[in-house]
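Here the chain labels run A, B, C and D in written order, and each chain numbers its own residues starting at 1.
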Amino acid sequence: MIEFLHSYYAYWAIILLLVIGLYGMLVKTNLMKKVIGMIIFQNAIILLFVAAAFKWDATVPVLDPAYPSEDPVNYLNPLPHTLMLTAIVVGVAIVGVAFALLIAIYRNYGTLEEPVLMERMRSE
Amino acid sequence: MEAWVHLAVAILLPAFFGALVAVIFPARWRNAPWVTAVITSGLAFAASVAGLVYTASRGEVRYYLGGWEPPMGIELVMDPLSAFFCAVVTGMAFFVFIHGKTVVPRETPGKEAAFYSTALLLVGGLLGIVLTGDLFNLYVFLEISSLAGYALVAIGDRRAPFSAFRYLILGTIGASFYLLGVAFIAMETGSFNMGDVARVVPALGDSAPATVGLILIVFGIGLKMALFPMHGWLSDAYTYATSTSTAIIAPIGTKVAAYVLLRGCFYMFDPDFVREGIPLTTIIGYLGAVGIIWGSVLAIAQSDLKRMLAFSSVSQVGYIALGVGLASPLGMIGAVLHTLNHAVMKACLFLVNTNILSRFGHTDIRRFDRTFRIRMPWTMAAFTLAAISMIGLPPTAGFFSKWYLVLGSWENANYVFLGVILVSSLLNVVYFFRVLEKIYLRTDGEPYDEKNEREDAAVEREESPASMLFPTVFLAASLLVLGLANAFIVTYFIRPMIPSGL
Amino acid sequence: MLLLFTGLLVYATIHLPARGDPEAPMHRKENVVGDPVAGAYFIGNAYRDAATPNMVTVILADYRSVDTLGEVIVVFTAGVCCLLILRRRMYD
Amino acid sequence: MPLTETYSSSLPFWAVAVSLLAVPAILWSARKPNLREFWTLLAAAIKFGLVLALLPGAKEGRVAEFVLLEIAEGIELSLRADAFGMFFALIASGLWILTSFYSIGYMRGHHEKKQTRYFASFAVSLSATIGIAFSGNLLTFIIFYELLTLATYPLVIHSENREAIRAGRQYLAYALTAGLLMVAGAAWIYGTTGTLDFTPGGILEEGMLSAGGMRILFFMLMIGVGVKGGIMPLHSWLPNAMVAPTPVSALLHAVAVVKSGVFGVVRMAGFVFGPDVMAAYDLNTILAVFAGFTIIVASVIALRQENLKRRLAYSTVAHLSYIAMGAALLNSEGFTGGMLHISTHATMKITLFFCAGAIIVHAHKENVSDLDGLGRAMPWTFAAFTIGAMGLTGVPPVNGFLSKWFLCLGSIEAGQWLVLGVFLVSGLLNAAYLFPVVYRGFFRSSDKFRKLGEASPFMVVPLCATAVLSVVFCLFPNLFFGLFDLATAAVEGIMKAS
């Protein structure tokens, strides 16, 4: 049982983060908080990939003469790490565009609270 | 063979190259971004058609980027399915760009370069999704196209940024779900290459993470596709954006999501497993069926033409989902053919919408009257033809995709789908003939007399300029051609793409 | 809905290979049908292929350089998007 | 009777296409009425000539076939001029010439607006009708059937007042629903048999579907064609479509639309289901019940109609079901009678509608009670009306007698005394609702029409021509291009194959 928990607790922590992020995106009414939820959600996925790349008793994927590279057990899996570098940048780009949209919304309506915003949009 | 391999790259490169070029011209060359967009999308279109013909006759093309064989490197795969979708995407983009010559400078003054650059990025991203053979690479392209999509939706009236923000939140959820699904599949199979995944998954037997991964991908992509309960973003996004933005996003955005759905369900996974192991395709099909009815009913309730067309998109996407849901060769033919048909119809209708908007300044159906026909006869003729096709009357293209779907429904003995297709056609009649009556008939109920005739004779013809009229009428006319040539398309282009397991 | 999502994910994760297990499909040299797996190949061959000790760098810049190109395009897209969204509009 | 053989010929295609090709010419010469009407007449004449050119072959049992292209995977857009199709095409294209002449007189006499749209739609309708006649398979049939719906919609809403628009909506709703049911039915048949080609004796065979499935399929297809054919619970669009100009009514109710419907009924009965399947699953009884009900009820309703055109419309509803009834009898006399009634009813009813139109345009009267003494002012018109009325009642020597004779023979042959009773009772009802018009016209006197002369020759000549045609057709049924032989040949094909 302990072993089972030991093997899987990281995934569950990530799921918790995912749910928090999703909750923020779907339920919060402040648009900025939605963006924060989005950031949490994206980063949780990144963590999941990184967790998947993990191997017990392995070192970072930089070639080290002390660890023979013929045996992949010696190094962490480099592929998910690489992919996540890309994913992080993609995430940042999305957040950037989200902020640009928030600026545009604020310029047009002077608020980022969804109920107020809906009210003002309806009264146009 | 050697030279043809490069076709896959030749489709992909022009769009991104054009996006880069479009922004570097000095501001006083006002038409330069437009010319760039038309030329690059035209090149991509030509390459796509060449690719389509090539793959139809000689099978798929695989291009190893950087020379690294998969699963180490990333490959571009141009098989009949992806070549077909490339042709649809680039073709629609080409015609919409031509149409934008005078509209874009009016709707987004001073931002033509950014507009065309973004639009080309959208096209490039979508082409990347279609062509890539790598799951993670697909995510990158998905985000490129999504970002461009958000920005295109955000320009428009005052409400547009908010609808774009909602689209962004939901779109990001969709893309993240996709990535999550990819994570699970990769952790089970050890590879991000679609071909590898397709080989490994059957060997795994019943794998819970891979299944959940597929479900996450399907629902993530379902969000992008505006599949029924996830369609909320679409109507506002399409309505408040500028009309050219809508015209470029609407025909191709949701279609590429449908491509991912097809790819995931029938190519990466064993169709039998998806159909029977987990009733995933059946769920997709029923969601599509509900979406067809729901979208049509809401379309009837709209008084604005653009919004009506947006809801009709929800309904039409449902047909594609329904074809996927049948999970049979006929269903697949119906779905793929409807992708093409609906892309052409919707592009044509949104271009008509733009023509009306730029001539009359509004698209409020309640204010349409018979002078529209006299002032813009060709545009209205195009609208009529596209509307008939949307309803699904022969010999226009819309009829035939429905025909294959109806055949498929009978084959599966799925009477619910059958009923939905029939009922929705009638609903389409309601909302399109409502507009047609307004355009062509006098609805004031007075008898036609000399006074009316003099009034009608006094109305001047003010058709749109040729750059707008040509794509509109061409797309409308091609609906007839596609209708009559559908057997050819099915036999030569769609049959070869049906996976062996289906 | 959130509960459904959580349940689905937990169901999937408990069937995943244990975290850090070097025999997980992602880390093995060959997958079940006998094809090479990318991760192990990178560890074994990155230096030989690109003469760079950092495997992540090799993958980023060589094996999967197209992803990186895509990443650059994403940033470019974001830039153009901001330009399109934030430039002052005519009626402002 | 030689065995049927098929030869390939593009004539059927050109027969369909010629009026479509006339449409751009008609639209192009919108501002020159004489030129525009010239195109219509030219197309009508060429079309008739092309159909005639196919006739010798069809009589010898040689079927001209033209495959245009593959319209859907595995299904071709094929046109086949078999005996039955030829029979219908001959009637439709022949009467188009007369209707065109009459239209010109009517539209100009009435100062109708939008005549260009009118003539263009008319031309498309005729293409669709000939297409229906020559359809070689069910999908081709459906395509032309839907095209006919679209093409006749502008004709129904021609006057663009509220009534017309409502009628148009109703027409669309009925016809498009029907079309969809046919699409679904066709898909079912294709899924079951793998073919949709019309085959004498039927595509379907016993045991292919369960009894319930066969009946549902039958209902789907029969509702599909029955809507246009005005079979009773589905008829209500037809009298409402009366708001259209009279030549349209003549076209809708005598030639193109409703006849396409009943033509479809016979096609379905003889070439899709086939007499054997019909008999095996009691499908003919279902059809007979609906048809018999329609004949009696529509005749009774017609009795009570004050508006002359509406009265004729209900009469049409009743007479269309004669044809369906003929098909339901499932013997050669029944089929022959039904087919002949397509042609005989066409000439008779077109005569009556032409008369009604002439009365409307010339005397501006629409109601039966206003016609007192009009017969003396318009003797030719009323004489023609009398002949038409005699024909519908079944009095020799008008051709209605001929078809009724065969229908009655068929019902005796089938031992269906009830059906025979229906025919006889409806004959009496016909007399009861048509002869009062004649009586009022000729034998009641009124001063209202003393100065009124006869209507324009553009109208009078066609209506007299159709009246004379009705009589001659009865006396010499083979005089016109061997119509009678054609009908018997078609019936023989069906009966022999089964």
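Rule of thumb we're sticking to: a contact is a pair of C-beta atoms (placed from the backbone, for glycine too) under 8 Å apart; a residue touches a chain by one contact, two chains touch by 3 or more.
Computed from a predicted structure; not experimentally measured.
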item: Far-end chain from chain C, centres as C-alpha averages; value: D
item: Innermost chain, taking as reference the mean of every protein Cα atom displayed; value: B
item: Separation of chain B from chain D, taking each centre as the mean of its C-alpha atoms, in whole Å; value: 43
item: Euclidean distance of C-alpha centroids - chain A vs chain C, Å; value: 13
item: Inter-chain centre distance, chain A versus chain B - centres from mean C-alpha coordinates, in Å; value: 29
item: Centre-to-centre distance between chain D and chain C (centres being mean Cα positions), rounded to whole Å; value: 69
item: Chain B, residues touching no fewer than two other chains; value: 136, 140, 143, 147, 150-151, 154, 161, 164, 180, 186-187, 192
item: Two or more partner chains touched - positions in chain C; value: 9, 13, 16, 24, 26-28, 38-39, 42, 64, 67, 70-71, 74, 77-78, 81-82, 85
item: Per-residue overlap in chain A, given as positions that touch at least 2 other chains; value: 18, 22, 52, 79-80, 83, 86, 90, 93-94, 97, 100-101, 104
item: Touch-based graph of the chains, sorted into line, ring, star, complete or other; value: other
item: Every chain pair meeting the contact rule; value: A-B, A-C, B-C, B-D
item: Complex interface listing, chain A residues touching chain B; value: 18, 22, 25, 31, 34, 38, 41-42, 45, 48-49, 52, 79-80, 83, 86-87, 90, 93-94, 97-98, 100-102, 104-105, 108-109, 117, 121, 124
item: Residues of chain C defined as touching chain B within the complex; value: 8-9, 11-13, 15-17, 24-28, 31-33, 35-39, 41-42, 62-67, 70-71, 73-74, 76-78, 80-85, 87, 90
item: Parts of chain D lying in touch with chain B, wherever the complex brings them together; value: 69-75, 77, 113-114, 139, 142-143, 146-147, 149-150, 157, 159-162, 165, 169, 172-173, 176-177, 179-181, 183-184, 187-188, 190-191
item: Sites on chain B touched by chain D in the complex; value: 333, 388, 391, 393-395, 399-400, 402-404, 406-407, 409-411, 418, 422, 425-426, 429, 433, 437, 441-443, 445-448, 452-453, 484-488, 490-491, 495
item: Residues of chain B touching chain A in the complex; value: 136, 139-140, 143, 146-147, 150-151, 154, 158-159, 161-162, 164-165, 168-169, 172-173, 176, 179-180, 183, 186-187, 192
